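The chains carry the letters A, B, C, D, E and F, assigned in the order they are written, with residues numbered from 1 in each.
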Amino acid sequence: MLKDYLDFFQLTGFPSITWQMPVMWAIVMVLLYLAVYKGFEPLLLVPIAFGALLANLPSVGLVNEPIGAMVSPVAGSVIEMHVKPGEFFEEGALIAVVSNPEGREEIHAHARGQVSVAHKAVGDRVLAGSLLVTAYSSEPGGLFYYISRGIEWEIFPPLIFLGVGALTDFGPLIARPITLLLGGAAQIGVAVTFMAATLLGFTVGESASIGIIGGADGPTAIFLSAKLAPHLLPAIAVAAYSYMALVPLIQPPIMRALTSKQERLIRMTSLRHVGKLEKLIFALLVTILCILLVPAATSLIGMLMLGNFFRECGVTDRLVKTAQNEIINIITIFLGTSVGMTMTGTRFLRQETLLIIGLGVVAFGVSTASGVLMAKFLNLFLKKKINPLIGSAGVSAVPMAARVSQVEGQRADPNNYLLMHAMGPNVAGVIGTAVIAGYYIATVTR
Amino acid sequence: MLKDYLDFFQLTGFPSITWQMPVMWAIVMVLLYLAVYKGFEPLLLVPIAFGALLANLPSVGLVNEPIGAMVSPVAGSVIEMHVKPGEFFEEGALIAVVSNPEGREEIHAHARGQVSVAHKAVGDRVLAGSLLVTAYSSEPGGLFYYISRGIEWEIFPPLIFLGVGALTDFGPLIARPITLLLGGAAQIGVAVTFMAATLLGFTVGESASIGIIGGADGPTAIFLSAKLAPHLLPAIAVAAYSYMALVPLIQPPIMRALTSKQERLIRMTSLRHVGKLEKLIFALLVTILCILLVPAATSLIGMLMLGNFFRECGVTDRLVKTAQNEIINIITIFLGTSVGMTMTGTRFLRQETLLIIGLGVVAFGVSTASGVLMAKFLNLFLKKKINPLIGSAGVSAVPMAARVSQVEGQRADPNNYLLMHAMGPNVAGVIGTAVIAGYYIATVTR
Amino acid sequence: MLKDYLDFFQLTGFPSITWQMPVMWAIVMVLLYLAVYKGFEPLLLVPIAFGALLANLPSVGLVNEPIGAMVSPVAGSVIEMHVKPGEFFEEGALIAVVSNPEGREEIHAHARGQVSVAHKAVGDRVLAGSLLVTAYSSEPGGLFYYISRGIEWEIFPPLIFLGVGALTDFGPLIARPITLLLGGAAQIGVAVTFMAATLLGFTVGESASIGIIGGADGPTAIFLSAKLAPHLLPAIAVAAYSYMALVPLIQPPIMRALTSKQERLIRMTSLRHVGKLEKLIFALLVTILCILLVPAATSLIGMLMLGNFFRECGVTDRLVKTAQNEIINIITIFLGTSVGMTMTGTRFLRQETLLIIGLGVVAFGVSTASGVLMAKFLNLFLKKKINPLIGSAGVSAVPMAARVSQVEGQRADPNNYLLMHAMGPNVAGVIGTAVIAGYYIATVTR
Amino acid sequence: MHFLLATEPLNGHPEFFENLGYQTVGILVVITSLGTLWLCVEILGRLLNAYAHQAAPAQSPAPAPASPPSTESSITPEICAAISAAITNVLGSEVQIHSITPSPKTQANPFVQAWSVEGRRQIFHSHTLR
Amino acid sequence: MHFLLATEPLNGHPEFFENLGYQTVGILVVITSLGTLWLCVEILGRLLNAYAHQAAPAQSPAPAPASPPSTESSITPEICAAISAAITNVLGSEVQIHSITPSPKTQANPFVQAWSVEGRRQIFHSHTLR
Amino acid sequence: MHFLLATEPLNGHPEFFENLGYQTVGILVVITSLGTLWLCVEILGRLLNAYAHQAAPAQSPAPAPASPPSTESSITPEICAAISAAITNVLGSEVQIHSITPSPKTQANPFVQAWSVEGRRQIFHSHTLR
């Protein structure tokens, strides 16, 4: 019995601890510290970090696929086949090996089960997606196998956008629509970072996902990288949310370097009141125009403006409250933990992660600069000048970036209130980032 | 590069605009106007209309099925097969053509992918549901492919009924149970409209779904037409919710035409108090009786009375609030937009839609009349007369129809308060419509 | 037509009533009475009982699987095959018969449909999970086929634990961590009941699920029996929740029998204040340690402590409120009704159910005794004595068992407040039960 | 569960009289269902009332003095305000209330009436989401 | 729906100038989209304003006397407090408000300003969940 | 992740002594887990307390005068009411509170005690949904 007791520790997770795990635990602690004690986007970073903790423990029944059809993940030849119909196998058992010029791929069982049919034999050629073995098991998939469908199927980001739309007042943007261009210009940071990433050796799908960090829009970044570079999703999500929290540190030096004292003193005329009808038409306009121009952005833009229409129409109070609260909260818990769950040590502790974190700063910096410069460019033509400090708000990171504009404006002139003016480019940046994401989705092959 | 820029507009949605789209946009605007500025059931019509807008834009990634097994939708012979194992295909590519005496059916790809197995060759005979091709793709289905499962799988309407049950007080019905017959009589409008639709050339499945508009019960109408005539779902849902809002216009002339001044002056005795135990037994009674008599209505009646039991038992406060708020609100958003998403121009801009809208008026009118006439019929036997104005409330459309009874009653006698009396037939109509829907489900083949 | 009317009653549920149904209705009434009028865990027992009512009515479209692939549930030989490709079949039709030494297994259709492919012929050998027939139907699965996925896939219990974690203050446990051992000792009741069940002829999977009733933790009991003995799930859930309500009757005699008057008079020193940092580290510690030691408990422990981290970190207010309210309420409705839905007469009206109910009392009793005895054992070594009355709180049943400790303590000395001291073992019992459940999952074959 | 189809299911495009018969059966099914329900509820109400009357005598005198005799004067300003508010709420502000008189046939006391008003108010509030 | 791919999709590791061209097109697409939107919103605003001015005359004199002439004295203590609260709320308590003066270019009356402040406050409150 | 099964999994109907051994191992596993946790939490508490004592001196005198010496007189009527309310809430109204005296062994000041009461109250409120 003492032997049994000692034997039991063979069943514990200790033998499965890898060197990456404690390293990841330390990273988790840092993220939690930043979120809890430094206020770094805690609503997202706490679930992400806790999910990452679970992902880096030798857990059972948390992420495994359910047993059923086992398909080959690559094309090649079956060089080993370890099971016969009727045989039982344990969780983790080697089922088959497929080999092709690029290497060999092992197919392991995700849970205990029994083989029903072996569709291929040693020597057979297979394609990606070819059925190798059908098996039977009473074990379901892991909890986060199911919850993560919301990311795999790209459901969570649009639903978050439904809530974001219900929370966003586009009034300041409608009152001064030229600030749309500031939100557009900030996407230059995305494009520049994309190019930089390509030069550093990332594929275009990966580069697009890295570039979008500069959009400072969590759900869009998750949406795009789930589509184009799912293996980079955790690094990109962590970078996107961390830098959003660092906006008050990253932006001011750039803003001051690119503007003269005189420009920073520009006062802007008060915004006019925008009525309900105008807001409703705006919501419909954005929907129609953006979908026509960039169909691939439909689910993001469509849900954003649906939420906003609920908000502004004044007759769907129950729905707007649900979108702003229950839906966004529930999805945030599941989205955050699912993202964290992808953050395994083997995936995260790579050179790429450091490069992504470095490129993220570039992205935020260039986006900030482009917004400011676009404002200065527009001032060449405008009679009512724009204070270029609000250009930086075009990166979105709502409402952090607009606050930065306000604070910098008051540093130059304590009586200058740029806050409301900066909200225009701020929300325009959300639309701009969704548009460029749509462009990439339409034109980039994963 | 300029060429690339111009080329990009080949990728935009503009080339995909069809004549139906702008027409549907106009219809969407009308629906939104009615919902927002005229108060036509905005909680449903706003999501439906916005969903219809999205459905009539050249969107990408919104409604497509995920790649995987492609099955033949009909029986026939494979006359063309355009793909070979290992071949890649683009979204929209023609995969195969199946032909039978009634025509030819093309199978297109819903997304980019690669063929794993071609199960059939040219000349092979196939049945509906036979596997043609298995393919592999990293693209998921569209957002509303997943959300619409709630309608396809008939989950949303029963869950709405859970909330409706939690919101409904059956007290007035229990205090004067004879009003159940008024709620039953109102279903004659459903039956008459069914017959009229059949005479106009609709199949029985379609006719049943059209008839149920007269039940004035949105979730039941959606439940039935998802089952028996999914292609008519959008027209039926729009008609059902619009006419519910028009009850104050449709009902009064019919009510006045069928009643004498003297009948309209009838005062009814005040309702007795109904205790908790009686309400609980009522909920169980309705569940048992209706399911025994019409098993096909189980999921509607069962959820309705479960919600009502939560409400009346007094010890499940948390659950009843959740059913009344979070569940019903979340499902309403998803149900409404999913219904709207089916409202594509090619499906909606048909003669059938006009016929359905016409038949809907008939349905409401006959239901109103039957309720009133049933009340007059019952008065032949009753000592305590029923004011026939409350008969019209049997169409359900809770609580609109009961309000109409009150207003008409006061038009005849300003001191006559029929409101609470009309709530009896009003909620009885909900049960009646679920029962006749169950009858149709059990006996009509799609 | 009169004939048609009478014929219709062939379609009603009356011919399908079995003798078990009315018996189950009576049991449902008893459960509802206990829940509504006696306050027996109404939040769970009302949905369970109402679900059981629906499960014991001849319903249609409530629980059936969707048509598609029909697989053999057992290994054996196909001895009958009743359908050919292209043939239509009705709901309930006999499709095939598979026979093996242990008996014959009939495969029936869950809904109307048409056969696409017959994969096997009479005489073929099949394995569990072998595909027999592929069929096609436009009918979806039943409402609770879909909702019950949350139990089959083991999603609901961990999500309930997310909410439980968000509701639990581990402060009293952290202030006096030795009470962890009391929560551990209470699991002896689980082990003893497991052994008793095995002696009574239950398999080990069944025995483990029965034993866990002594853990007095609903979600854990449901989680474990869904995995190891799904056919006993309804009996175990009903026993677990009923006995939790009976704690004030079951525990006191045992507590008094095992303690001297003097022991019951022991006063405990007031608990120290526990700060935020300590609570956060505790949450992470429990997560890491328990998952390392018992990986199979990951999804329960992980979600519990995630919810608790949300609660204690102070910066995720939106998320903690959502976990405490919307998530736990919605899941409770679906979990309860799904459990009830498994409680069909044929499954519940068996001798096993009586045995389980009997064993449940044993489980609660032994757990209570072990907790008390462990406290007395610890007192042999401690300077600051523990009042053994708080040992019984180790069974969890939060907060009922802690209340019992308080009441019993005051019976001996009206000025002794054990309530806060009893909360330590009380919440420790939740962790202890999850750990032993993980041990069983890892080592018991279903 | 499996049900034998006693009647042929209706499909395609049935003839007029076939359809008429079919619909009549449908309405009869509805009336049968709701009629049975009516009877059951009627019986239930009487049973419970009878039981309540048996149980009541001991305690019924007690509440009586608390509520003044149910004459026309029993409509207190509070009840009046409650009714007005409820009706305004339900019917919109364009409706004017001229006078409130208890229905002469009413035996219920004002508390029950107030309960009714409140009950209805809840119903009307709740049903905005269908 | 199916779209012909006019341009070859970008894949693998494109050359620098290919990539530069690709990104420039991307930015042009963004600017085109948001620029078109700008024009539409600008036109929309003018149309609605023109319509409002046509419709207004009859009723515009009415509100005028209610709001005193928009001089500096128009900042009432209430508005001042509202602005302070909003700013503290958004910028944190370490910010001090030295003085509040209406922007000289502002034609809006204090009510509109208060509306703006409130509108912004809502925005800032709401965006904590991204 | 894959774990080698060191022990044969228990299945079917094991013999009594096999089962007894198996259950004993199970209980040992539970005690080991919770025992390890106990040790860790004990150590954690001491570390944090030691750290707090090092950090405290500079600021501890400040709060001291605010809270009067922790004698029996320190139970103010407010605290008394809070405790009563909490206990009534938890134990139901049939319980009567005869007297409230601070535990003689208690070093904690009344604020901490009030905190405890409030903390417990929350716990008891929350756990109605299992």
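Throughout what follows, a contact is a pair of C-beta atoms (placed from the backbone, for glycine too) under 8 Å apart; a residue touches a chain by one contact, two chains touch by 3 or more.
Please read all numbers here as calculations on a predicted model, not as lab measurements.
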item: Labels of chains that are neighbours to chain A and to chain E; value: B
item: Interface with more contacting C-beta pairs, comparing B-E to A-C; value: A-C
item: Of all other chains, the one whose Cα centre sits farthest from chain B; value: F
item: Chain B and chain D: spacing of chain centres that average the CA atoms, whole Å; value: 26
item: Inter-centroid spacing, chain F versus chain A (mean Cα positions, whole Å); value: 40
item: Per-residue overlap in chain F, given as positions that touch at least 2 other chains; value: 1, 3, 7, 22, 24, 29, 128-129
item: Residue list for chain B, restricted to those that touch at least two other chains; value: 8, 11, 16, 43, 58-60, 293-295, 318, 326, 329, 332, 439, 442-443
item: Those chain pairs that satisfy the touch definition; value: A-B, A-C, A-E, A-F, B-C, B-D, B-E, C-D, C-F
item: In the complex, chain C residues that touch chain D; value: 1, 4-5, 7-8, 10-11, 13, 15-16, 58-60, 90-93, 108
item: List of chain E residues in touch with chain B within their complex; value: 1-7, 21-22, 24-25, 28-29
item: Sites on chain E touched by chain A in the complex; value: 1, 3, 7, 9-14, 16, 19-20, 22-24, 26-27, 29-38, 40-42, 44-45, 48, 87, 90-91, 95, 98-99, 101, 103, 105-108, 112-113, 115-116, 119-120, 122-124, 126-130
item: Contact footprint of chain B on chain C as seen in their complex; value: 8, 11-14, 16-17, 25, 29, 32, 35-36, 39, 42-43, 46-47, 50, 53-54, 57-62, 66, 85-86, 114-117, 134-136, 138-143, 146-147, 325-326, 329-330, 332-333, 337
item: Contact footprint of chain A on chain C as seen in their complex; value: 71, 75, 127-131, 152-155, 158, 162, 227, 280, 284, 287-288, 291-296, 298-299, 302-303, 306, 309-310, 313-316, 318-319, 321-323, 326-327, 439, 441-443, 446
